[in-house]
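Following this line, the structures themselves.
After this come two complexes, each holding chain A, first together with chain B and then together with chain C.
Take a look at the complex of A and B:
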């Protein structure tokens, strides 16, 4: 039996200009076991970024964050939210390339369980965080939107790459 | 053929130890790079810090670490003398007075390492120890330089040597 493949690239998006509020990967095939998005870049105004699945909001998202800002360690929670809060203290700033996030979507195509997302978010200018999130839906994830909110937009040159991870 | 993490270089420390582990002449043909390490030093302590530099550069590094020891948790800056300084520090790996035959593990993910923007990094580090004190940390790193990364040097931040059987592997990940 052939070994599963790791980091099989599915799609890459690179932001052009400074008016992009959301980057979406759509029509995601169900043929992998897990997904990973690697994000690297900036925002036009320093702020949190967010994630939403299948265009679905409501009150279906919750999460727990462990974070450090260079002087203090702390933890946050949110629940009944309309999207995943990706960063907290380690949010993107305006410095190009300073922020990165490695985002794991576990068992994303399963249609019997709720969906878990694990995020490592990093910005040496403001913090580092490790977080776990839950989407209260048994639907397979077929689209992932990486979003800003309000005035901030994704910075020019910000990259997002979607990879597939296969168990076998 | 689907892409996988491609092994670029590997280093295994032999008898006699080594003062550094070096990855050189790193090709620019991948999108991201990933360093996976299993390290122990001969420093007379439970733990030792990883000193991390790229391209022989001694400036523009900055970092923030979140560290747990089993008794406390803290967050601090991880570069020597603060932002813009001479190297990044990874906290911690196993050293001479930690549990025998136990090596710390670390992983550094560097997206867009060959691109023309500043180089940010994601670190995960553990140094387990069958005693009161162990270490687990996550870290955000930055080399605020737009040059491509072509070499990586790992050292002890306390001038110790890596012991035999320490290993480090450099992988390339491509987005197409």
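Take a look at the complex of A and C:
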């Protein structure tokens, strides 16, 4: 069997200030098999965060969520949305570092199938969630935007690191 | 190749710090997460296998992106036959309406996915196999798995064990029932050093 190194850090973005609405990784090379984003930080107002691919909105996103808030486990779904809803119960709060998310974009560069994203999102202050999301596009993912919506902005010091995983 | 350009168009005010790793740099991190083998299906098939797995790693990870004609996707080790009773598994899932849990004790399979059977929608799973090379402990796995189909779908957390202490030397992933794994499904095996 072939063997080789993988799990390569591609880029990190660190938010400075409290007015950043969106952080984008663009011009993502197609040479990896999977991508992973590790996020850690806060919002200026507690709320969900979102993900959008290739600057594309419309009604192409949907997801199924499993979550726990310390009192009960539950599940919900959203459909025909203009972006991925990353968190629900485990949404970022104003405490820096209380929220983290590990986001898997598996087979992101294929141009044959729709895209599936898996997320583990956690906030010790309010909950934990795991979720699966669909982007109804066969386009390769070339940019990933991590977004807020409305009044909340990414908190100062929030970090996003993009990794590429290369299969043999 | 590293990302050379980062979008700043959405940044209205405030500075943003960014770092880009140039992968041609002299300093290269130690290899601790290695790609071992990948299977990409050129045609539908009932199962795939990784065999002769190197003994030089501590843990294994399988990252899979697959379509199926039968929702369940299972895994077995070391060529276990279909009638074996070597496995136990638990699962916690959300179906978009409620959270639920279940198990199968003394079973023939580990569960690693439950996907839409829509030909255009593939599910994903990240499967961790811990201490696969040990000969003095049962083998345990942890799985994050899911697939959404815009109005249906599941997100599932699985745990499982093979209740034998043999080292894992081969892994078979198979569609449940009489189903098949679809063309363009991809299964990538990685070794993690420790």
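What to note about this one:
Note that the second predicted complex is superposed on the first by the 163 of 168 C-alpha atoms of A that agree within 3 Å, B and C clash if a C-alpha of one lies under 4 Å from a C-alpha of the other, contacts with A are read in each partner's own complex, and residues count from 1 in each chain.
In the analysis below, a residue touches a chain if its C-beta (ideal position, glycine included) is under 8 Å from a C-beta of that chain, and two chains touch if they have at least 3 such contacts.
Worth saying up front: this structure is predicted, and the values here are computed from it rather than measured.
By the document's definition of touching, neither partner reaches A:142: not chain B, not chain C. Contact with chain C, but none with chain B, is seen for A:112 once the two complexes are overlaid on the shared chain. With both structures placed on the common chain, the touch criterion links A:70 to chain B but leaves chain C unconnected.
In the overlay built on the shared chain, the residue A:8 is in contact with chain B and with chain C. With both complexes placed on chain A, chain A has more residues touched by C than by the other of chain B and chain C. When the shared chain is aligned, chain B comes close enough to touch A:90, but chain C does not. Contacts of A:130 after superposition on the shared chain: both chain B and chain C are touched. Using the contact criterion defined above for the overlaid structures, shared-chain residue A:120 touches chain B and also reaches chain C. In the overlay built on the shared chain, the residue A:56 is in contact with neither chain B nor chain C. Where the contact sets of chain A with chain B and with chain C meet, they give residues 5-9, 12, 66-68, 73, 120, 130, 166. On the side of chain B, the complex with chain A involves touching residues 2-5, 31-32, 62-67, 73-77, 83, 109, 111-112, 115, 117-124, 138-142, 144, 146, 173-176. The touching residues of chain A, when paired with chain C in their complex, are 1-29, 31, 33-34, 62-68, 73-77, 79-80, 104, 106-107, 110, 112-114, 116-118, 120, 130-134, 136, 143, 145, 162, 165-168. Residue ranges of chain A in contact with chain B, taken from their complex: 5-9, 12, 38-41, 66-73, 90, 95-102, 120, 122-130, 157, 159, 161, 163-164, 166.
Only residues 1-7, 9-21, 23, 28-29, 31, 33-38, 50, 52-54, 63-65, 67, 92-99, 120-124, 126, 144-151, 153-157, 184, 186, 188, 190-191 of chain C touch chain A when the two sit together in their complex.
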